[in-house]
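Same chain, two partners: subunit A is paired with subunit B first, then with subunit C.
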Partner chain A sequence: MADVVVEQGRVVRATGGRKGSSLRNALGRKSTVAFFLTLPLILLIALLVLYPAFYSVYLATLNKAMTKFVGLSNFTFLFKRETFWMVVRQSCIFAITAVIFKALIGFIVAHFVHNIPAKGQRKWRGMLLVPWVIPPAMSTLAWLWLFDPSYSAFNYTLSFFGVGPIPWLGDTFWARFSVILVNVWYGAPFFMIMYLAALKSVPDQLYEAAAIDGANWWQKIWHITLPMMRNIIAITTLFSLIVTFANFDIVRILTSGGPLDTTHLFATWAFQVGIQSSDIPLGACVSLFMVPILAVAAIFILRDVTKRGNEA
Partner chain B sequence: MSRKTLTRRQFVAATAMSSAALITAPYVRGAYAAGKLSIGFWDHWVPGANKASTDLVNEWAAKEKVEVSIDYITSNNKKIELTAAAEAQAKSGHDILQMPSWWPQAYSENLEPLNDVMEPLLKQNGDVNGTVKYLGQSGGKWLAVPATPGSQIKGPCSRIDLMKKHAGIDVQEMYPAGSPPKADNWTMETFLKAAEACHKAGAAFGIGLGETTDSVDTAGAIFQSFGAELVNAKGDITVKTDQVRQAMEFYKKLIAFLPPDAPSWDDASNNKWLISGRGAMILNPPSAWAVAKRDAPQVAEQCWTHGFPSGPKGRFAPYLPYFWGVWSFGKNKEAAKSLLVHLSAPTSIEKFVAVSGGYDLPAYANMTSFKTWAEEGPPKGTLYHYPDPHKHQTLSIAASPAPPKVAQQIYFQATLTKMALRFARGETMDQALAWAEGECEGFMRS
Partner chain C sequence: MADVALRKVVKRYDDIEAVRGIDLDIADHEFIVLVGPSGCGKSTTLRMIAGLEDISDGDIMIGGDVVNDVPPKDRDIAMVFQNYALYPHMTVAENMSFGLRLKHYPKAEIKARVTEAARLLDITDLIDRKPKQLSGGQRQRVAMGRAIVRNPKVFLFDEPLSNLDAKLRVQMRIEIKKVHQKVRTTTVYVTHDQVEAMTLADRVVVMNKGRIEQIGTPNELYHKPATRFVAGFIGSPAMNFIPCRLEDVGGALQIRLTDRIAFALPPARATRYNALPRTDKLLLGIRPEHLTESHAHLGPGVESFETVLDVTEPMGMETLVYFGLDGTPICGRVDPNAGAKDGAPMRLAMDLNNMHLLNEATGAVL
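This part shows the complex of A and B:
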């Protein structure tokens, strides 16, 4: 009996030791540490992103009075609304045009900054980032005053050249132009800084080799710079597309969606329908409609990035 | 199973008794009272006006031994509407929340009935106009108490000199300070001729065609003066009527005389138009004049606030009341009701009017002749006709008399200005009306 007890005791001790060491091992593993370090962020995202996201899905299934479940009928109602399809079209025009111009301007400016000698480059980088670091709600107010019907500084300046006055925010074309312009002004520095970082990571030897082979500047850009920057361009475009699609403040401050709803985006129209017209379920539906559009874009872009990552 | 029913006599007697008790007796902290009261007030743009509210609340709190906390919430960027939506969803928040016009109806299910507060107040201060009843009542239940701070009439504020010079209209003679209006000839037709004359002279009327409230309120009053309703009181869509067509034709003519960028105007644009000296008239409460007193005194001296022109179906002026609502989930409803009675006392109302320089308008019939409106200037008497002391016009809100939850959407989607603008920009009448009809059908969701 005594042997058995000892045996059992040893066995128990041995098991306990293994458990302790496996826990120690688990805690010591890099992935576990990483998990615990990111846990606060995960909880924050769950609280501030996931919960509201699921809550808005729930809201989108209620009737206007929010008293009964109506399934997908809010979505089917939206699909029959002329204004909704106009908002879909406008959101696409706004986001795609703005992202193209931001990428283009960012790419060109990044090249200029890259070619500035290292000594003075920091000043330029800082100055060019200013539009991006000012809260857009504030900078858009300044733009509003520049476009102002009574006091527009742009129209005042144009009047010296016999041009205008231009109804910057009162005409559909100019209103769309204005909101896209402000968005490009605000977002181009983000592209610039990302592209600049990518440019700096392209080895100089590649350009030297190309120069020896007699490549001109366009061939260098096409065959070296762009392939080396493809992943950064793809990721930056995706992020910017998401943020631009979901834009609210610029349109809200400049035009409130007018004239005749022709500058409304998903977010501004969702606000008008959900909060101002007290139809929260329909407002939730409008904002949720962004999800499938962005999901499709994200799938295509990220699949391409992963494919190239695997090839590398 | 027997069920005790309340007879009409019993109900009237109970209401009368509780009303009398509420008016005469001070609020006494009972077993249900937590002793604290949280209030969300509209953040007034007039410097010092918030202090008057705070003083009145503190005066009441000291007497009733209630601990109060006040948040002043700006109406900029719809902060009050967002607060109301969040509190209604969370079923938690302030005990009293000041709400703009449409919100008592929007949250009617979450608001404490206030008949016991309103009935004695109506006896004390006089009846309220139809718009206050339309927005503040549902099924005989008072949803909220009309608040003096923030409530306003958006009537014409004209430049005396420019109207005389370009349109040949003496607005002071038409609306003399201290006397009833002599405005029989002040019709939509005269208004249109004046708009044309001032436009030709380079001093166009500053009327917005945007999606914010000033633009919508103007459109509302003009449509109503033609008897044009998009949805009637029963909830039937009545877009394709002769009255709506007449209003649209009138608007199309008017739009030709407005600034070309009027479709992009917000609620600040018309103020800037007047203060910059570019326009002969705007349709706004006297806030623009008050700012002009500070920034452009030579403009302010020439401003005169007066009544709206009349149309074939009457003289309508846009009226936007604010309300104080008590959430049904509030923790101290009895104290909240007691405070609302205090804030609606004639002395409190007079104080609100005085500190706002006459901007704030009481909803009650007996409260439209305070000396503030007669004395404010320059020019002296400029605000005399602002509160409509001679009951010369019908105070109304755009999209009424449609059922409020439908009307709120017509109002905030700016259907009236949009349909007028579509017609003016080249759509046929039938196209513009068909568009508006489609919109109204969408607003019928329940």
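This part shows the complex of A and C:
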């Protein structure tokens, strides 16, 4: 369709050659119309994404007082700092461990909910989604009280069993454990609801066929459920990996990166270095390190989505 | 291979009884078809044999062993589903070998069995494809192949042809019959299509409202239906039912259809029906093929009458004619050259040698 119009446009230009008609033709093209219709969104993205992105690249090349261009020396400075490598390690441990447990718990809970009779299922689904719908900053405050070393519900309960008190947020191991725990608590419902939707889309007859073919429950999960959910599992895992990697609020509220910076993630450390220690170029530099790692994950997601699109 | 027996099998869902005490004996190598309208309990019965539904009461036996509480995987059965239920992420070969792989058969034997089944079903070229790349008929073959490779005691088919178009259905019907002739496995086949039932079965089980109406060979069901339901369900177009009563006229027994039309019964029929009370409300059951155009010389027991046709349907090899007798719609089958026309009068002949007499109240064939 568009080609025909372009052809007509050429003919008009060849004979008449007037500016007005070629403009009218250009406006008549489908691609032009599409461009103008999407222009507001393109501008919005440019304003909110591209501008800050390039601005932070620019910031990362300045000195601490932001008066002088220093090239890549902020980056080389970071490479030499032990804390930086600890943050890289902690971000990876945090994101990978949390995503694995979120996926695992989400998968198991989705199975339980799937097997609840339809009547009570809605109620359970609603209740299990609660952690995910409460703003994390608020729910993390509640966790902060639960983790309090002297008066918290956790340590009080444990004292009956002769355990503790556990320094939930004061010890490196327990602090790392706690931030991951809260992240899993917050994120598992998302996996649950996605996996529940995927489970509902697997036809019952496949399980019946497998039962007749001689599969036990584990073989049904391994040979039917998991392969049928493969796409959903891949997309949710990668999506969650990005979001978890870039997490800020949980660590910020629970530990502020402590003890001794051992629970810092990229986002919280960038905040501490850039805003709290007033070295904005170095903070920008830290946050830029997330880009290559997240870009790889994003490429995987997009590739998977296109593959799914082709299959359908 | 094995025989299958059902003893007073009942299936209840809350307060609804889907299957109400079924007794059925299926011999080894036999091809049994369960047929009936939707909701008659035929699929539920099949699923109970498969072990996919618990039974509420009674016993199911496969090869002499009661299998009421045996899970499907240990019943040694194979099932072909209506929508094939092929595993979409596996190739044809993987689909067919899945059951054998779960049972840890040696690789060489799996390959041999799959190759043999693929050859039997003519799907050797498709062995590496995924179900998505197959047509409906090919998927159907793969589903059958998956059943065959297992070499089970019993094959169960749950309306396997209803997702295919009319032409392919006829073709696959013949394929299924051929496969059964080769492998001779005891087969239970569920369908709502009476043509499928008649063409495939050694014996047909007609079900209605959770009960068995009649069990018999296709010919028995056609020529000697036990109830009005079976008489009306088997055969297409369906049997005509005309309200009638018996009369004694000059020592002979005759059947009166309308004020105008009454026929003397042939001697064999007259003796059979003589004992019936003359006051009973009866139905004359007559198949369309026994209502044909009239000839000059009618045989014994064939009576002719004049009527006005409402509608005619030329089918090529025959013409279906529709008319009414005192408001009862009736269908007949006449020769395409008999000159049947919409709205025109026509003389038709009724072959009373093939008639059935039914009690209107009970539906029993007398």
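Simple rule for what comes next: the second predicted complex is superposed on the first by the 253 of 312 C-alpha atoms of A that agree within 3 Å, B and C clash if a C-alpha of one lies under 4 Å from a C-alpha of the other, contacts with A are read in each partner's own complex, and residues count from 1 in each chain.
We adopt the following convention: contacts are C-beta pairs under 8 Å (C-beta built on N, C-alpha and C of every residue); 3 or more make two chains touch, one makes a residue touch a chain.
No experiment lies behind these values; they were computed from the predicted model shown.
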Superposed partners subunit B and subunit C on subunit A - clash or fit: fit
Which superposed partner A:257 touches (first subunit B, second subunit C, both, neither): first
First, second, both or neither for A:111, with subunit B first and subunit C second: neither
Touched partner set for A:279, first subunit B, second subunit C, both or neither: first
Subunit B versus subunit C as contact partner of A:228, first or second or both or neither: second
First (subunit B), second (subunit C), both or neither touched by A:175: first
Superposition-derived comparison: subunit B or subunit C, residues of subunit A touched: B
Subunit B versus subunit C as contact partner of A:151, first or second or both or neither: first
Distance of closest approach, subunit C and subunit B, by C-alpha atoms in Å: 51
Subunit C-contacting residues of subunit A that also contact subunit B: none
Residues of subunit A defined as touching subunit B within the complex: 63-65, 77, 81-83, 148-151, 165, 167-171, 175, 252, 255-261, 271-272, 275-280, 282
In the complex with subunit A, residue positions of subunit C that touch it: 50-52, 71-73, 77-79, 81, 83, 85-89, 98-99, 102-103, 132, 146, 150
Of all residues in subunit B, those that touch subunit A in their complex: 77-78, 81-82, 85, 89, 102-103, 106-107, 109, 209-212, 259-266, 269, 272-273, 276, 278, 405, 408-409, 412-414, 418, 421-422, 425, 435, 438-439, 442, 445-446
Touching residues on subunit A, where the partner in the complex is subunit C: 203, 205-206, 208-216, 219, 223-224, 227-228, 230, 311
